[in-house]
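Here it is: the structure, laid out below.
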């Protein structure tokens, strides 16, 4: 990705209806690359079957839009909420998370039929003003699940000794490495976003509030596979002095010696096993690894406020993000957004004055505010247009099946 | 089944070639009732995906017949032995048992193509005398996996809250309950079978040897669902005095209150959830449950020698066994064979003078001789013709996803 | 505690030598209430045997003072570092954490002999200027382990169905409940402490730095047992809407229905089972419970910066803290310090510009900066004089065997 | 031991009263070598604290003799049955097995006071004919717990990196290796024992019954440490062809490479770490190891019937057994009894016609009849006089903290 996107992001945003339709279509396009069996398997409790993502995102529209706002609407299948509710306690009982991989039925085709029915029913709500906020939420939700679908199926296919591919080839993405540092003089700045001021944001991004920063600099480049290989060669995974205590326990318990998906000079991608490009950003690393690398490099991870302030003028729709159903794989980029999510040293906690949204959708973000760290930016698997500077992605410090990498910072 | 079978078993046995072809065809017929996704899922470590059974049985013929005995034979796919070897250490490394459920590829169609190629190549070995023993072993092996395929997919479909069915209806099997007892005066008898004396048997069935029995009687009927309901109603699952110590720990750890697949007055079958017939044999019970029931009833389980001696004149191809691809579900029967495997109180141990077969196939039975109990007879999911009086089926005392039931015995 | 303490804290601080001697003596006084067997048992991986605390704190002085700074010093026992190193990777291999409970030898008497030898040898270092910072660290370290010794043995004795007591009676502590709120207008404030500016602080308390606060108020009282009982009676432990997602999973997995040590109207104390005083602060609650309670009360937990700023003028040696070897049990107090540690909503993370101390002692705090939350104040089991406003205690959100409680906050 | 024992066993058996007193005294003598802390720790769920053994055996006499047969008897402490009942469901609730190690109270002294009170009260029952069978059972029970006390404390002390010793030196036991084989021509024999025919036996030893044997021979020597070292050197622990499937899984899961307690040329004993005598019997081996060794040696394990028939004329009180409180450690012996328990290939199952004793003591043996294997003989830790040819010891195939070894057999 290069100059094209800057122009793109200044183009008028698509209408909500168009966003709905194109987002829904993209999910289906992803599904076309999967067999019924591919779409059924679940490789770990953190991941879900592709089929489940396709149906769950439809359940979301059915539940929070059609059921609640379309008079006379009848559920597509009364048994589906039990299957496809993820974690909304207010919406009742649901299948145990690790049993999602047992759903050989409904078949992928039936899930797609469910999607079609929802799409059809949604047409009558797309123009309603009162529904617009929830529709925007549903679109953002579906985009998040597109990214999860890709990272979950990557993890599932990786379990297969045959190393099967979802797509038949890697994209031909040029590498453009950023150079040097973005410097910031510190002082009082504003971060976060009030949902009232924007077309859409998640509740956890607000309220917009003041923060006090000390002078810092943020690297214009992501840490590369080459640098990571140096960290390994220098004994990075064997020196406890570099690691957080929980991280060192994790390394030893799991026998970690490299990022997830690395094997020799190859790594596993959505196009199967491929040679690893030393210039591409290192990804599929945990917070523990990111922190240890930063210690080894004599730097540190940025805070979420530093990252957001530094990205104030960056194009959130720039860089390498997902535009269509093809292999997603990170490349070096001078952009702050894209290629991979970037670990910050900030715990995912409520902003001053935060309160969750009303109703069941209030469970979307707020209840996850313990034990996780914030990631900023966007990845090669993020639907372009989905992210923004105030965006707060979050994962537990040991998780690394997402496209996660790091960008170093330091005090000035 | 009724009078017909007695005649059937006196008919000339089919040729080895015919057995091979009909057995292989029956596996395919079972697969026709499953989608690619159905055939991929694995519900627990004890179970395997249907697809895996289809391919593993073909790997068995490829490895022990084609590779070893057909000059110039080339493997269908060099990666398949890693995927489809079950537990033969002498045949090299293989996929972890609980990762079989991650094999969305090869697809069911590809597994069937593998089967077709093996069937075709096997034609040139079917007439060879020197191969006959291994072909007979491969057929018996495939029949065992047909039974496992049915019990494994039943367990997998049971995990699905939708309760999906493999077959669209229950068979219309008449109930013919056996009455009274078979009595035996004890004394020295012979059990077991030498493989040299018969068309085929497993190595663990021999050597044929003498045993000393005390007078006993064996019930002509299997314990029924009605009797089992009485056991439950009488507090059978809550009285530790009835249970083995390991069984009582299992009941409490797992919260067991009824046979597997029971819910209210219904139970789960390969035709989905169905009302439970009180006259049908109680099945899907563990050894612990069988033993507790026998204690409650003031009786005991038979030994394997008692059962075999009592069955000396029974028709092993009689009773309710599997003839075609349809729902298998046990019915009351006066036959000793069929409907369900019957727990004995005999541990699965080597007979006097036993030594395993030579080579990798020596791992078939002998290495499992600790911690398991012998079951006798045959079940509704056993391919008719597969079993015989000397047959020794074996499972761990907590396992109950097979069609397992019990027939009471007592001292005279 | 009452008026007396305010005067006490304005008295001149004791000399380092006196602190060393009185701290060491207090540990021994605690040990006098324990048998060899009491001092040996370990009830969970998070806890350590009392004997181990006594020896480990001596190992700390032996390693970082005597070995490194007293020429010609010979180890008391060359095998002890393996036994009594806690988590200092730079100091070599050590016994697995959960095997500490297997150390029936050395006996409690031998551990005390070890202490005596260390105390004697330390006399020659007590006056050395260059050793003063490490001696101060060793004293603070031992005070932390005094608190752990008390909370660990409480947990161990609680496992015993006899409910044995360490002390024979509860102290007669008057209840003085604080009323109303401390208000703060927000703005830029300074928190943290540079170790160079003070007699002693831990590295993680610094650097002192600016923070930006919004207007808030902090309760002058701790949440009481009476209020907690209302939370329970109102279904607080059964309403997922009040809980963080990880907290709700914890409640259900562990079957949590009340604070640790509650049973009916009684609770377990170091003086055995006792009636629960409704006016006393609720303690032994996890972060998850504290957060759920705050949600139920329509308030929130304070941040660590809010708490510290509000406590700028509070007497850190005031309130109910540990002065001698007797039962410690929290009472209502108008003080900010004392009675119990107070959960904040701040994750335990590095302050801007933080870097760990040099050498092995650099592992003291910094490597624990992931996944934990900060607690402020001091508890009834904290050695009086140990804490201060900048003090950062930290535990994982599920842990509750410490004297942990909460003080509510809200936005103005 | 040598000629002396043969004479000893022909001496008149001691009276029941004398047996009671000497057995009770021996337990106390063992306890004298342990501190309160030693007697408190529990190293695994299979083991119990020494203190618990001392109290549990007293609880047995209190419950089944004093409470049930001594009019007006009042319990020593009403809380003790909850603590010291082992597994008698009919005797009510009890402490979780793995919490026995949390009992720092009652102290060892208090447990001894409990013993003294029971001993005193028992005096009035010792002469009563109606109590004799239960007293004999209580004595045998206490002897079993003496052996467990020794093997449990050995396991606990082994966890301690200091390798502490219970006794200060090894006994000076001469090695007398047996040579050659005992041959038996097979045929019908009688094994087992009816309790009515003898002073005492356990219910599981009967009924005496006929068995049919084929010709076999049984080694006159136990497998030695030297032979075991050859097995290791020959790759015995790395060749799956030698192992049962469950055994191979156990070896790999636990990383087993040698018998328990081996390290280099030393092994851990009750006198601490000691050089290993190559001529002494290999002990602390699991059934899996014993079976693998026998496969490697081209032999097999005997059945329990073979062992018992071969031992019909052996002196059950001969060989190396426990006479006093000193280090027990096996030595080479020509005796069938003593030095170590010997694995048989027989599962521990009910004999024909077996029914458990009436009442709670019926739980003593019968409920353990699944999943375990029979061991014959006696060990260096067995109280001399405790065992006999019909004795059936039993453990799970993975357990090896007892003094377990093997004696080879083969078909003739």
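Residue numbering begins at 1 within each chain, and the chains themselves are lettered A, B, C and D in the order written.
Here is the rule we use: contacts are C-beta pairs under 8 Å (C-beta built on N, C-alpha and C of every residue); 3 or more make two chains touch, one makes a residue touch a chain.
What you see is a predicted model; the values in this text were computed from it and never measured.
*Asks:* Please report the minimal path length, in steps, between subunit B and subunit C on the chain touch graph.
*Replies:* 2
*Asks:* Tell me which chain's centre, taken as the mean of its C-alpha atoms, is farthest from subunit A.
*Replies:* D
*Asks:* In terms of residue-numbered contact pairs, which of B-D, A-B or A-C coincides with C-D for over half of them?
*Replies:* Looking at which residue pairs coincide with C-D, the repeat is A-B.
*Asks:* Just the number, please: Cα centre separation of subunit A and subunit C in whole Å.
*Replies:* 38
*Asks:* In whole angstrom, what separates the CA-based centres of subunit A and subunit B?
*Replies:* Taking the mean C-alpha position of each chain, the two centres sit 47 Å apart.
*Asks:* In whole angstrom, how far does the Cα centroid of subunit A sit from the Cα centroid of subunit D?
*Replies:* Going by mean C-alpha positions, subunit A sits 60 Å from subunit D.
*Asks:* Using the touch rule from the top of the page, what residues of subunit C touch 2 or more other chains?
*Replies:* Not one residue of subunit C touches more than one other chain, so the list is empty.
*Asks:* With touch defined as at the top, which chains are paired up in contact here?
*Replies:* Once each pair is checked, the touching ones are A-B, A-C, B-D, C-D.
*Asks:* Touching subunit B in the complex: which residues of subunit A?
*Replies:* Listed in rising order, the residues are 35-41, 43, 79, 82-83, 95, 99, 101-108, 156-157, 159-162, 164.
*Asks:* Would you mind writing out the residues of subunit B in touch with subunit D in their complex?
*Replies:* 87, 89-90, 188, 209-212, 214, 240-241, 243-248, 287-288, 291, 345-347, 349-350, 352-353, 367-371, 373, 397, 411
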